[in-house]
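These are the structures in question, set out in turn.
Two complexes are shown next, each including chain A; its partner changes from chain B in the first to chain C in the second.
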Partner chain A sequence: MKPFKLLTPESLTQALAMFWGSEGKAAALGGGTELLNLIRTSLSDPGVIIDLKSLKRLRGVRSSRSGVAIGATTQLSELSPQCRPLQPFAALTQAAAAVGTPQIRNRATLGGNLCQRPRCLYLRSGFDCWKSGGTQCPARHGESSGLAILGAERTSCLAVHPSDPAVALSVFDTRVKLVSASGSRLVPLAQFLAPHESDAGRDTVLRSDELVTEVRIASPRPGTRSAYVKVADRAAFSFALASAAAACVMDRGMLRHVRLALGGVAGAPWRARVAEEALQGRKLTPARLESAARAELAAARHLERNGYKVDLAIGALQEAVERAVGGRL
Partner chain B sequence: MSDDCAEKTVETELEIEGRKVKVRAQMERQLPPWGKTTLVGKSLRRVDGPDKVTGAARYTHDVQLPGMLYGKVLRSPHARARVAELGLSAAAKLPGVLAVLGPGDVRGVRLGGREVLSAEASYAGEEIAALAATDEETAEEALSLIRVRWEPLPHVLEPEDAMAPGAPALQPGGNVLGGGFGPQTPGKPEVYERGDAPAALEAAEVTLERIYETPAAQHACLETHGAVAAWDGDGLTVWESTQGVFFVRSALCEALGLPASRVRVLCPFMGGGFGSKNSADRYTLLAALLARRSGRPVRMVLSRREDFEAGAYRPASRQQLAIGLTRRGRIVALTSRAVNPVGSALEGHYFGSCVGPVQDFYSCANVRTENYAILTSSPPPSAFRAPGHVQGAFALEQLVDEAADELGLDPVRLRLANLSANDPDSGLPYASNGLASCLRLGAKAIGWDSRKPPRTKTGRFRSGLGVAIATWGAGGGPPAVAQIVLHEDGSVVVLTGACDLGTGTRTVMTQIAAEELGVAVSAVLVANGDTRTTPYCLPSFGSLTVASTGPAVRLAAAEVKRQLLDAASPILGAPASSLLVMRGKVRHAVTGKSVAVASIAASLPARMIVGTSQRGPNPDGVVLASFSAQFAQVEVDCRFGTVRVKRFVSAHDCGRVLNPATWSSQIQGGVLQGIGYALLEQRTRDPGTGRQLNAGLLDYKIPTVLDSPPEIEVIDAAPPYPANNIGAKGSGEPPIIPVAAAIANAVANATGRRLRTAPITPARLLAALSAEP
Partner chain C sequence: MARRAATRSAKSPAARHVTQIELELNGRVTRASVPDHWTLLEFLRKSAGLTGAKEGCNAGECGACTVLLDGVAVYACCVLAAETSGRRVMTIEGLGTPERLDPLQEAFLADDALQCGFCIPGQILAAKALLDAEPSPDRECVRRALSGNLCRCGCYVKIATAVLRAAAARREPER
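Let's look at the complex of A and B:
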């Protein structure tokens, strides 16, 4: 592990000044569950690490008139169903609880979770590829079982987005607050996780002098119920093979409103708009739900070893809706 | 030991990891079986438990010596390549680096027939250069300064490619070898034959032929491989995380040309081995060589990534089996053609022999097995808990179930009907055999009678029951020497070379010694795993530690007791034969007159009593084996292709259970490891470069506690075992053998689909579910 300098700012202003002053060489430190692994495997080499954990303003869940704001350094274990302001966002608390292990959840922050790098086995085993600054993808024709099945024709990197919480956040109106010494911006989550394709090495639109300070979720429509479903081979300590989140408003058997997202199948959480359209405003039946899920996956393209994800995604979408609407299907 | 047998030695046989070997043994004094015991058979708490939970126990990873350096290894990124140029000088010049070694510096230092550093890599991860520095970070930085010009050579990763005409020859003799242990019959498989299997298959009323595949699985020991080496003049001391200090010592002596008296190897505590730590490895020698060059102690502990990448694994297998039966379910023929890709294994390496179960699980007159070991550009495999049998049982025990389905017979009944009273290979009787009781008791415990055929199951969640069995040579045997010292205050030290892999060896030896001597557990200390101070024994492998060292400890205790009673006899004014030892006192059996053990010892001219004994021969004319039958209840989620093991019952015949608590944990650990093998674990590599892709505990998926059924029920189904003086057989390996097959059989019972490739992943299960049944 390469040596680095650890800075502990006392205020956000001071932290931002430190970033400003370190000319792109600094990394923010949340729980360190990802950053330290990146450094250890030479995927990141920041000369300076700026520890955000002491900044009280960045931590905790606050409700506001328009929704909730979750501080970037809030630990995933704090995003629990016991946290009152989060009760309208069951999908999020379920996704947070599905992350890794209790040890990881106690340490990992939400900000860090949204900034994590892909878990592609090639990237993590030191192969040269788009995401490590190269110009090739060795996974595409190799061990492809973890790779994306949706939207992959548009990207050079086929790694899936690893985050569980990001999938759940995608069925709400979620914006990420980015702050730098020169100002701040509120970026919709989908946009935050979609750097320009010419920037294949990056995972977010975060600039090197910027920090995530907050994740804001707008209050859902009244009556919204949501759920998150994660499919993994191992019962814990595993990233999703596929996952799905659903937020639904049911009204006398009718799906008045629905938002769906898939995880583990694309380079970013995948809004399942085709399925949403097929379900929205209609009576919810098992057959309609299944055909909507299948329609969503009709666009899937698979490689040699990741075809099974199509079935998992279809099943996960159905299950997320089933759980969200409870016994009403 | 009485004099008349001290001189006599005889030839005897013992079975190690499925391989029978002949050794010489000294006749031992016959001890009657224990009557009622007070300590043996009780769940005594682990004697080293407090040291482990408080961190006082010092593992190899914990060893810190003054001036100690940190060693690191440069490994090949290529599956096969020649080192055309090696630039070590920049690394050597880095401040803090005190020794650097390349292949040229250690020429002639060999381990397992291979140079300790290679100028030609035969797998990704092979050791090319090594260095030692004052701290780990400096050592890592120095590694990055080494310049290598590689000349890649053609490589082959898959056995089919290695066998194909025109494949690059990885060794001069070609890529095809006989399976088993060590190269045999180059170019041809290892063949085993009894009766006439092809003819019997041809004539059989019912035949089935199927192909089964198993993955390369890794040990993933909690304590990664590692050693610390320190020289004192021309003497070498090595702490090694090993299963066998004496094997490490002989490897070091041979490679470095040192006498055994000058090499001390220690392993008081270790964090798991499972067959991957039976002897010294290259890192051990490199630690010693770097320590010699630098004049400082060197710690060489593999990182988790290295432990996976360069390390040991259970070789994969592709097994084509055929079974012939009568309509009524009598097995008349069995054949297996097995292909084991064994990487770049050389002589001395374990080659993978997965044909054992076909030869020895069932009574069958006509058996033929062909076993191929195919060289590939991968690391050498190693023994792994019941090597071969785990792969073989996955195949055979599914085939037997498939035959039961075909014949419409109950799988438990079919097995019971085909069990063998005698060892099917030699025809000799077993010294004891509780396999039928294992099947019956296990079936009862899991509720086998409620098992329903798959056609009755519909819906998303489907439950199924499965069974599988194991037979495993686990009788132990010589050499194993034990020494017991009774000190002047009555306290006792038991000296044994046996390493405690975390299984409870120290605890069980304490129980045996205290039981025989009649002293309190608290009076006994077991000191073990030190080639300088403890006597010789084999490594803790082949399920043999209890059955080898246990009887030697009892004999040594009996010898100490004999001397003690002789010394007490004049003090109590009674013949020794009328005395016994109880609760730390020597007592007259009738009058109850007694004297403390401590005061007898203190009155001796030597102020101590020493008893040394060795494990005697195994009885002739019988076969020593442990048995098990396991039952799994699974629930398959047909939507996601996932399998949950809901209940697991593991019934065993391992002879006498010396400590139910440590015994159960041993079995539960084996079952968990088997669940991983069945459902999760496989070494994954890039098909292009051969580099491992999941060299870490996140991506190499061993089961977590949430993957375990709520309870793994353990049943003792052992009849008395007369073949050694403690009545115990081995139980280390049997618990992993049938697990994967029992689970696959349960999945088949739940879904009507056969998963013939392990691990049973969601991808495989979904594919099977969507295919025609």
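Let's look at the complex of A and C:
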């Protein structure tokens, strides 16, 4: 690994000053399960690494009047169903448990999970591509089996977003708190994960002098049930080929306040608004659920090797709704 | 133990950023001076002379370097050595002695739960983390707890059997 200097700030103020002083050359260290690999493969070359784990304010789950706040360096293993404030957010605890392996979840942080780089083989193998600062996509006409099937016509990079928790967080009102020496801002998750297309090399709107300090989730409506379903080629280690999260309220057999999201199929978690619309305020039946899921995927466009994702996403979406409401229809 | 205090010298580029660490390594207080960019795995193998934790993928994708950090299973290739000051690290060398093996080591031998053995230190430490937290796991629980440890010889069934045997032995050491 290329040498770097490790800094351990004693306060958030000190950490922000370190970032400010590094002129964009510093990287934030959470669990290290992503950053160290990026450095090893030369995808990142920070002269300075700032370890945020010593900052107690950035760790842990806190309840507030409006919902919960999860510190950015909270480990994924801490986002368990036993964590009381997270009990209204079953999809999130299920998604956190679906990440990587026990050893990864014991280290990886929620903030770091949201800031991951895509897992596209071409990016990770050092090819010249949009995400590495180039102006082409070698995957498009190559090994396309992992690529996006939704929204791809609008983006130059076709890699999918790798995070499981981000998909679950998309069915709740989630905002990401970004702090710099000059102030802070709360950015809705979808916006956080949608840098401008002219900035194709980036994965988030995080500026180089900013830190992710917290993820805030608004309390869902009373009675909200949610679930996360991940389809992957292995139960451990693997990223989702397709995944789905669902949150809804069941009211006398009718679905209310339905929110659905898909993972593994687009450059960011994909809000399944077509399917939401088809289910909203209606009685949940297997036929209606299937047709809603199919309608969502009607917009899918696939390349040579990723067409299988269409059926996986349709199935995952149905299963997520079924699990959220409590079992097979 | 003292938190880390960084010191710097300007000799060679690689030695430029060095951190003094003091950790409890296999029960013994250990002091060392480590380059900031060294992983815990590099420190264990190159500096501490402990080669039980193996370098498989060096990317958090195989589990061969699993060690316990404050009792929790982690990949030593994904932890910086400089982060371990003031903490407890246990490698396979810290478990049992050649004369008196740990129940997990006894069980892996009894069930012949290995072929080449490369992944076994990691498997055993992942199993120890499980049994310390859950003394009576079922097979599914064992499978899940060891899902972050690949075995290219495919000994998974016997490994799970050995962990269940060790769990029983730990509960009733006299039998």
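Here is the rule we use: the second predicted complex is superposed on the first by the 326 of 329 C-alpha atoms of A that agree within 3 Å, B and C clash if a C-alpha of one lies under 4 Å from a C-alpha of the other, contacts with A are read in each partner's own complex, and residues count from 1 in each chain.
By our rule, a contact is a pair of C-beta atoms (placed from the backbone, for glycine too) under 8 Å apart; a residue touches a chain by one contact, two chains touch by 3 or more.
None of the values given here were measured: they were computed from a predicted structure.
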Which superposed partner A:P3 touches (first chain B, second chain C, both, neither): both
Touching partner for A:V274 - first (chain B), second (chain C), both, neither: neither
Contacts of A:M254 with chain B and chain C, given as first, second, both or neither: neither
First (chain B), second (chain C), both or neither touched by A:A194: neither
A:P138 touches, of chain B and chain C: first, second, both or neither? first
Contacts of A:G31 with chain B and chain C, given as first, second, both or neither: second
Partner chain(s) touched by A:A295 [first = chain B, second = chain C, both, neither]: neither
Which of chain B and chain C A:N106 touches, first, second, both or neither: second
First, second, both or neither for A:V231, with chain B first and chain C second: first
Shared chain A contacts, counted only where both chain B and chain C touch the same residue: 1-3, 101, 235-237
Residues of chain A touching chain B in the complex: 1-3, 101, 121-122, 124-125, 127, 138, 141-143, 145, 231, 233-238, 241, 305, 307-308, 311-312, 315-316, 318-319
Residues of chain B that touch chain A when the two form their complex: 137, 140-141, 639-642, 644, 679-680, 684-689, 691-696, 698-699, 701, 703-704, 706-707, 761-763, 766-767, 770
Contacting residues of chain A [partner chain C, same complex]: 1-8, 29, 31-33, 36-37, 39-40, 49, 51, 53, 100-104, 106-107, 235-237
Chain A contact footprint on chain C (complex, rising order): 3-4, 6, 13-14, 16-17, 19, 35-39, 58-61, 63, 66, 72-75, 77-80, 82-83, 126, 129, 144-145, 147-149
